[in-house]
Every structure is written in structure tokens, then in C-alpha cells.
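In the two complexes that follow, chain A is the common piece, with chain B as its partner first and chain C second.
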Partner chain A sequence: MSDDGGWLNNYVNSLPERGWFKFLSKYVVVPYWVWREPKPKLPGGPRPSSQPSDNVQRMMNLLMPLKDTSPIGRAKAVMALAQNVDEIFAGLDNVGTVHSARFLLVEDYICMISVYDGDFSNYIRDFIATIGSVFDDLMHLVEGGEALYPCEDHVEEFIDWVKAHDLFQAPDYAINLLHVQDEAAGRSPDAPPHELLSLPRELILQLHSNRNISLGGGYRGYPGYSAAQVRDKLGVGW
Partner chain B sequence: MNAAFNPEELQGNILRGYRSNMVRHLMLEVSDRAKARQFLAASADGTSSEIPAITRSANWKEKPKLCFNIGVTFEGLRALGTASRDLDSFPLEYAEGMAKRAVKLGDFGESAPEHWPAPFDQPDRIHIIASLYSDEEQYLDQTEAQVAKAFTVLGVRNGRNLPDNKVFFGYVDSISQPRFRHVFDPAQIKVDEPKDPLGTVLLGHPTHFEGMLFSIPQPDVLGRNGAFNAFRVLQQDAKGFEDYLDKAATQLLDHPKGDLLLAPEDEKRVGKDLDRHGALREVVAAQMCGRWRNGVPYELSPDAQYPEKEVSPTNYSYTRTSRCPAGAHMRRVNPRGGPIVQRVANYSRRLVRRGMSYGPDFDPENRDGAERGLLGNFIGANYGAQFEAVVCDWLNFGLQDPEITGTNDPLLGANVPETSAFELTLKDGGRIRLNGFPRFVKTRGGAYTFLPSLPAIRYLAQISD
Partner chain C sequence: MDDPKLVEDIVHALDIEGGSAKRRPVHTIGIGATGVFEPSPVAKDFCTAEHFQPTEKPLEVAVRFSNGMGLVKEHDGWSDVRGMAVRFKLSNDRATDLISMTLPVFFAPTPETFLQFATAARPKECNRETPWQKIRDFLKLQIPMPDPYPGQETRPNEGATEFADKHAYAQPAVLQASVIGAPVSYVRASYHAVHTFIVTDPDGTDRWVRFNWQPIAGVLNTNPLDPPVGVYLKEDLEKRLAHGIERFSLMMTIGETGDDFNDSTKQWPPHRKRVMMGLLTLNDVPKDQEAHAEKLSFNPWLLTDGIRPSEDPVLKIRKDVYEFSSNRRGGIPCPFSGTEG
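And now, the complex of A and B:
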């Protein structure tokens, strides 16, 4: 694509807005590429990093699909959490590495959005070890949750399940998507570099596998500090 | 012995150390399934004179000439024909294997699996690690020859005890270990640390967390009473460590607060023959580790390596005003009952450690840079809850205490001189910050292995294709 004049360039540049081209892309081109170059679903949560600052204030965007998405089903999910909210908050406080956490009911999902320090599985394990039983009610209401009931007896499975339902976090810089995909596909770091032009296609194909994603790792107002460091400085104990 | 488990059905290296002088670890590939199974069956029965018997956990009257134990990797279970349904029941960390967990374990840079020497450069080929313990080399040679008839020996690592139970950094090691309910260990009679539930190391038993069990891999006979082991080849840069102590002590000689770190009158209590520089070296070494090099806990004797009154090597805890720095190696890996951010995690991440040194002797007076280090086994019931939790959150990121968050363990951590930092504690509660030290311990190989029970070994031996 070029910004120089000329009717051909102008026409090519206008293709993405043309109805016939949109139709072709949606029903032929994308399905063809999905068939030709399927992208595996990329795992959720922050990626491992050796940088200390990457290991604090990590984001969890947990989407738990509701079995019953009717208002009654949704109300049950709300109730399951609402009646245990004190225990949940006390549990998060005792885990000690959590900056913030909240629950959302969005479309067909009950969501837990939180910011925590350190390793993901320790966060979840400590949480369940402290207040595991309060998640039990919820497990009856979400898809795949039955196999995890009671949570205290299925901690590893619960951790795996949470990880599988935590949103994939797209890299902060778009170009790094190629790197993440390569790693997932086991492509050698010495393999020839990708055409930069292929990035939009790779993103579209990835969004086919990961419908919901987190756009980057998120904004941090005080990067590099742990919850305990902040609490210590502010004198609220840790 | 008791109802909790039958010691005859347990591999012997889990609940106790053999205190042998030598170890030989054989990295094995299952190249002939039938032969491997035959070997395992005979090894579990212990009736063949041609095949070494698995050493059990039972107490013995006379110590065997040779102790023999095996750990099986995930690829090893597969190679022995374990059904994929059963393989799926093993935890993710184990299935991925140590090399794939590198970033979490601090194995990057020179420690990255890409730089591991053979046989660890081909982790998928390592199926079994057989560990042979003896006081005499002939028994190791003899047993290795027997093992080599059934497996392909990909590599060998020899270890030995250094005099006085020391490691190459000069510390007396292996002082504090978990002690278990239901297990009598004469070495731990005077220890008053809380007892650890058996589920800390054995699958299928109660854990530290009330009501919480770690999943038992299936079938039950394969998983129950097994344990997971992280085998690590850890190169110790003894020369780099001693050189750094020189440098740090020289800086501290001129430090305005140096007397608060070590009062001149205490120098001789650190070492009779030491000058101030020499004594400061020992203080830095002691604060970095949490023990003086002779094993005395820094917490109980912050001013003297040789306290006038004997102090317990194990019975103490940490407080907010501890003289033992929050960043000290021992306090990082085992914060005891001390204040930690993860309030529910005190005493929950205990590991059984068994290690022996490898490589040539080291003379601190005449330092050479030859490769030497530790062959370590770190045993627990769950990698994620114990080994990886300690290495990732505590050892490498210091999340347990806001004062050390963002710094690595001074002895074991993935340090680089540009960013490394360690704070020495002073008598008045102040700190002196040390910088510029390199990484003293590099990973040179390793594997995640499962230590199956005797019934599990029999089960693996009788799988048919």
C-alpha cells in the first residue's frame, strides 16, 4: 500500500471499506487462513519474566463462563459471591500480595479482575488454602466447575482451570505478538524474521483463537512496587 | 513402624539422608523397554544379585554398602509405557520438566538450559536418574556396570562430602531439615521447629494446609507415597565469592558505620587469628547466609562466630528487629515463624534437601576457578507450592518482605553486578548496602523427577504395551 496518488493505489487503499471486500474477507479469506495457518490459543496471564519489576503488579482477568445466563442464573452467581464477600476480602488480605481485586458480571461471564505480586499459582493456592470453601458455591454455576468441587481437594486443577480462563495478555508493543506466537509454536529464534506487513493478519488469526484478550499488561501508577511495599510505606501494615 | 505408611514401601532417600561419603548420579535413557521393566521389577524385589535393590525407608541395623534409589522424569514415565490418561494426571510443572521452567527458576543468562552440558542439553532423553550412595568407590563402579546393562547411561555426576559437612563456600550445611510427624529421626531430637505433616513430602498425606491435599497422580498405586524431586547441578563460584568478600571487607574497613557492624572488641570472637579485614569478611559471609561459616545461626549470635555460651543450631525464629538480614539466604528460603508478606505461608513451603559437592578441592588461600559445586536434591510433594514458590517468589524476587523486594538472594540468586544489592544490618537498626556482586551459583543441569514408591515401581515394571 502506498500513499502516492494513482488510481490503483487509491483503489487498493480503499478496499477495507468496500462492502464486497469486507464480505470476501469475512467469509472466505479469514476462514481460509484459519484453516491454512491455525493459531493455537495462547495461554492466559502474564508471561514469565526475569525482571523483578515484571513480577509485581501482575494482572489477572479471569472470565468464568456462566452455565445459566438467564437473569435467574446470573442472580445465583451474584448471590454465591455476595454472601461470602467478607471472607473473600479477608482471604485476599491474608494472601498479602494482592493490590486490588473486584468481581464483575459481564455478558455471559462472572469475572474476577485483580492485581497481584509474584507467581500466579502461589497467589491462587494461598487464596484457596485460606478461603477455598467460599469458591465452592460458585463452582456449581460455571462451566467446567463441577470437576473442581470442592476446591480445597482440587487445588492444582483449580489453578489450571483459572489459568485457562485468565485472558491472554497481548504484548504491550504490537510487534511482540509475533514473538509470542513463535514461542508458542516452538519456532526457532533463528528462523527468518516475519514480514512486518503480516502483523495485522497474525493479529486477526490470533483473535480467532483468543476471542477475548487483555490489551497489553495494563497501566501502573507506581511501577515496580509490591503491595507490601506500598502498605509498609503508608503505614497500613503488611 | 506406624499406621501412616509402610516404610518398606517407601524409597529411603525421601525421609532421611544416608550420610554416605560419595554419591553417583546416573542419567539414564530407556532404550529397551523390556529390559528396563525387568530391571525395575528386580530392583523393587531386591532378590537378584545382578541388579541393585531399591533402598527402603525402613531402619537398618547395619548400613548397606550401597544405597540405591531412582527418580523418573515425565518423559521416563512415557518411555516406560504409562498410559497418556495417567500421564495427564501429573502436575504441569513436572510434565514440562525443569528446562521449560527456566525463567521461573532463575535459569537464564549463563544458567540457561541452552548452556547446560551433556546430558542435560537433551532433557527429553533423560528418563531416569539413578542415585548410588556409598562410602567406597568400588560399590559405585560395580552398581553402575549393572545398571548400564539395562539402560543407556547418558551421563554421570559424581559427588562427595567435603570434610566437616561443608560446602565450597565454606559453610557447614544441612543443619535444618523438615522433621516429620510419625518419623523418628535421632538427628533431630533437640530441634523445636514445628513438625511438618507427612504430606509435605509424600503424596496422599495431610499437608500443612488444613483440609487441603495435593492431587495424587493416577492410578493411585503409581502416585501414592511418591514425592517430587528437583535435581540440580549448581556450580559454586568459590573463587568469585572469596574475592568478593575481600572487596566488601576492604570497603567496610573505611565505612563510617563499620563499628556498628563489627565492634573492634568483637573481632576476636569472630575468629581468634583474624585481623579486622578477615573478621569483616566473615561478618559479610555470615549475614549473606544467615549462619556463620561454622554453622552458628547469625540470629542467635550476631556478634560472635564463637559465642561463649553454646547456642542452638536450629531453635529460633525471626522478628521485625532481627539482626539476621531479611535478605540472608537462609531466612529467604525458610522464614520460619518470622514476619512475611504471605501471612498464610509460614512453614508451608518446606523442602527436604539432600546434597553433595562435586569438583576438586578448593583452597581459599590459593584460589582457582575450576568448576565445582553442589549436586542437590530438593524434595517435596508439590513443585508449585514448594520448590518453585521458594525459588521464584522468595529467593529471586524477595516478595516476602518489603525491605528486600526486587533483590535476589545474595548467594543463590540470579544477580548481576550492575543491579545486585544486599543490606547488612547494624547494631543500631541501621543498614549498610552492598552492591556489585556477581552471580555466585550457576545452574549447570538438572531435571524434575518423581520418586515413586515401591508399589509404584512394581506397577511401572508390569505395564504391558
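And now, the complex of A and C:
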């Protein structure tokens, strides 16, 4: 809330909510900045860390674009999973590091959302070993999937594909977006700081490159514990 | 006192026009409340300090809520950091304090850099952006500085932002302070003790931890688009406690090797192990606010066996800064009176 700085000031304050200004911003201002300061798409998944609680309960938000987005195409994706429930449950039980996992059909994507412990590549590798058949079925239905079929024979490519389709996880604290961008751009951590006021622009430009993102690493009800520790403490063992 | 000149310089840097040397230089406006603290059943497994041991009778506490700014005139509705200072009353007339604020991170890693920050961020005449400057901001996809509040003549915003543009360590705190807003009630905000403390468990194991009070009623700010109300926070608390109680949980986050234990400009990731240490229940606003709030002197170094300060140099200097400030305004009882002043 501001004091009254005159009608022009009040009008300018309201610009971000005015249709014509939103139109101008969307079709002129943002494209100009995208042209001037393009941001590379930032990779998915959690960033590497050697600290214990950063390596448990990690989040995967895998968005796989459907080839056929019609109700029939969507139904095929649902069927592929519904017919493999046993494979999925047995596989996840055997991977052992998964806290929770679920599949969603959202807009034009079939999504796998999961919480797992440990290294991302190893998680995916375990996955292929244990539920590769489910992904094989899915790969026929998603864009770019054919080249990965069968997953078992394309493990490394599959891992790269998953990384590319897992959502970028924005840092937990807003200001750190600048540091993640700097790192991606090879800017030295000792370079002079960014202007604080540039943060909204940096965010907008990043969202141009990463349309879908995870807002931080999420909330945890029992942070810092692995699935194995929780099960062990609960006496439901492995 | 390690460096009396630095301590004095810091307090003087905090003194602003509209403040008073007879009052606190920051967190000037406040209200005292009383209540009880009950440790959670697991608290004793993590810390041997008296207030975390099971007791038959809950421990009495004195709390002072405050507005961070150093003005003697109340501006409850302005965006500002709020404070919550808690004194746990232990046996044999001893006590221990836990001082926290709504900002989870601090502006500077050392007393010297804090002095620089405090000097740079001294309130200056509000620099209202012209409509053209605002349009330029929008075209740069930036958010203009907020207009001053009605009647606001000076503010720290411009100086703090300028400082943060040159000193990356100040950016997290300046950014978060710039959008902190005003709580609808002192009991609808989450307060952070910010610094790292070391707690010792019954086996003698030390853990590096940070404390945080979370309101059971939930966090809620006023709508920043509504005109700010000048004075409401004290009355709100009086009303709430006249009719009932308000509660906070005390959460303790456990740091890990690799976390910054001695630098409170570095927030720990939110995935660290977190322990529920106890429940604070507020039940009264004492009538004599002079004794129960204004004259009280909290100090982050008023600790007790089982909990000790980290090596954070800012935490270190706060001991003397609070003592100096308390002596200057005639605060009683100063927890360190008896030690050199």
C-alpha cells in the first residue's frame, strides 16, 4: 500500500494489472529480454550435494510428453500402467529406496512423481533393472521414446532422457536462482553480485526456458531419514 | 568486552532519528506476555538443558514481542521484521533466553560487516520512484521500490538494497526483509533464532542446531495492498490472551557437517532433520508492562548447561551489544550485571 503520489503514479502502479500493459509485456518486453539475455534450460533433478539429508527423500518429477494426446492416446497410457501394477509394486519394493511414487496424467504428459533416497542415476538404473518392462511399454507412447526401446539396452541414454524430462528444481531460497544460473553459464562465484532487483527478470527468463519447474525441493514430514531407516524404526523391516 | 568501541559503534549505528536512547535502539515497540513451556517427550534426548527436561509443573516463561524498527512511534502495519524474545524461568532464580525474529537469516557474517551494513542501511529520506522510473523498471522486468507509506519520511530500503548489490552475503536477508510484510498478530508469525547453538545430549554428544518458533494458529500477514493500520498488535494480543491462550511449537533443526555453523547469512536447506522440542503456551498480558517488557533485558548469551553458543562472531558480539544497550536505557535486570559492563 502506498501513499498517494498523484494520479499518474497510481496509474503506473496499476500497469502490471492492465490488459494492454500485460499484452505489451508478453509480446514485446519478454521476447526482447529473451533475445537479449537468453537463459539455457536448466537440468532436472536435485543438484549434487555431499550432505546426508540432501541425499535422502529426493524428489523426481518426470514429465513424459504423450505422442497421442487424444482420449484414446491417454487411455493407452493409463492401460500401460494399469496392466503393470504388479510389476510396479514389486519393482519399487525391491528398489527399496523409494518413499512414495505415483503416476499422473496431467495435460499432455504422463508423469511419474516420486520420492527416493540416494543417487539419481542409480535410482533410474535400479528402476530399469526392476521395472524396465513398464517403461518399455510407456516408451512406445511418449515422444522420443522409440529410440530408448528396449530400456535395458539403452540404460545411459534412458538416464539422460529422464534427466532431460525431470523438472528443474528451483532452489529452496529464491536468491540462489542467480547462483544456479551463474553456474550453468560458467560465471565465477567470485564475480560481482547481481543486482537484487534483477531477480524477477532472471526468474521470468528462466521460466521461459523451463516452463515447468519444481518450486524448491519440497516439504518433508520427517526430513533427513531414508526409507530404510523409517521402515526399520517402524519395525516393518526389509 | 572484546572490543568496546565496536560495540558502541554498532549501537550508535542502530540509533536513528525517531528513536530514543532511553528505549531499545531496535525492537523499540513491544509487548510482554507470560505463559508456560512444556518440553516435548523427546526434547531431553537431544539436550540436557533444564528447560528440556520433563517436569511436573510446566516452566514459566516471559515473552516480549516487538517490531524490529527503532522508532518510538508505532507503525504496526508497516512491513517490518518482528521479534520474539523468550525467557525460560529455571530453578533457583536462574533463567535462559531464546531471542528470535521473523527473518530467518542475518544481514552480515561478522560484526565489522554488520556495522558497515547498519551504516549503509540507516534510514534515509524516502526516494519515491517517479512514474517514468517505474515504467523503466517494468520494461526491465523489475519490480519498482514500493511507494513510501503515508507519513513515512525515511526508510532503510534504498540503502540496504544498494549495499546488497555490492555485498552478496547481504542479499538473502535484504531480499526477505523487503517482502516480509506485517503479521495480523504477533502470534501469527514464525520466529527464527537464526544463529547456531550447540546442544549436548545425555550421552555427551554435541549437535549444532537452529531454533524456530512456529505458531500453532498458523502464519498470516495482512494484505499489503490494504492501507496499513497504525496500531493494532498490542491490542490484538491483549484481546486474545484475555479470552484464551495462544501457542507456539519450538522446532530445532539439526545441522550437518558442511553446513555453516558460524555464519548466519547462510540459511540451511529445509531438509535437515527437525525435532519438536516443546510447546509454549501464552496466557496473559501483564498489566505492568514497564516491568514485564520495557525494563527486561534479554540476551542471547543467557544460556544454561546443555546449550552453548556457536563460534558465530555476530552471536558473540551480541552479548556485549545487548548489555551495552540495556545499561544505556537503564534496563533491569541485566542478565550479565555483575560482569563487566
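One rule holds in what follows: the second predicted complex is superposed on the first by the 226 of 238 C-alpha atoms of A that agree within 3 Å, B and C clash if a C-alpha of one lies under 4 Å from a C-alpha of the other, contacts with A are read in each partner's own complex, and residues count from 1 in each chain.
Quick note on the criterion: a contact is a pair of C-beta atoms (placed from the backbone, for glycine too) under 8 Å apart; a residue touches a chain by one contact, two chains touch by 3 or more.
All figures in this text were calculated on a predicted structure; none of them were measured in a lab.
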{"item": "Combined model on chain A: chain C and chain B, fit or clash", "value": "fit"}
{"item": "Touched partner set for A:Q57, first chain B, second chain C, both or neither", "value": "second"}
{"item": "Partner chain(s) touched by A:R201 [first = chain B, second = chain C, both, neither]", "value": "second"}
{"item": "First, second, both or neither for A:G19, with chain B first and chain C second", "value": "neither"}
{"item": "Chain B versus chain C as contact partner of A:N122, first or second or both or neither", "value": "first"}
{"item": "First, second, both or neither for A:D153, with chain B first and chain C second", "value": "first"}
{"item": "Contacts of A:G224 with chain B and chain C, given as first, second, both or neither", "value": "both"}
{"item": "Contacts of A:G132 with chain B and chain C, given as first, second, both or neither", "value": "first"}
{"item": "Touching partner for A:V95 - first (chain B), second (chain C), both, neither", "value": "first"}
{"item": "Smallest separation in angstrom, by C-alpha atoms, between chain B and chain C in the superposition", "value": "5"}
{"item": "Intersection of the chain A residues that touch chain B with those that touch chain C", "value": "50, 52-53, 56, 224-225"}
{"item": "Contacting residues of chain A [partner chain C, same complex]", "value": "1-5, 8-9, 11-13, 15-16, 21, 25, 29-30, 33, 50-54, 56-57, 172-175, 192-201, 204-205, 216-217, 219-220, 223-225"}
{"item": "In the complex, chain B residues that touch chain A", "value": "91-92, 103-104, 106, 108, 209, 211-215, 340-345, 348, 382, 384-385, 388-389, 392-393, 396-397, 399, 401-402, 405-408, 414"}
{"item": "In the complex, chain A residues that touch chain B", "value": "48-50, 52-53, 55-56, 94-97, 117-119, 121-122, 125-126, 128-130, 132, 152-157, 159-160, 224-229, 231-233, 238"}
{"item": "Residue numbers on chain C that touch chain A, as the complex places them", "value": "128, 131, 134-135, 137-143, 146-152, 161, 164-168, 171-172, 174-175, 178, 224-228, 254, 256-259, 267, 269-274"}
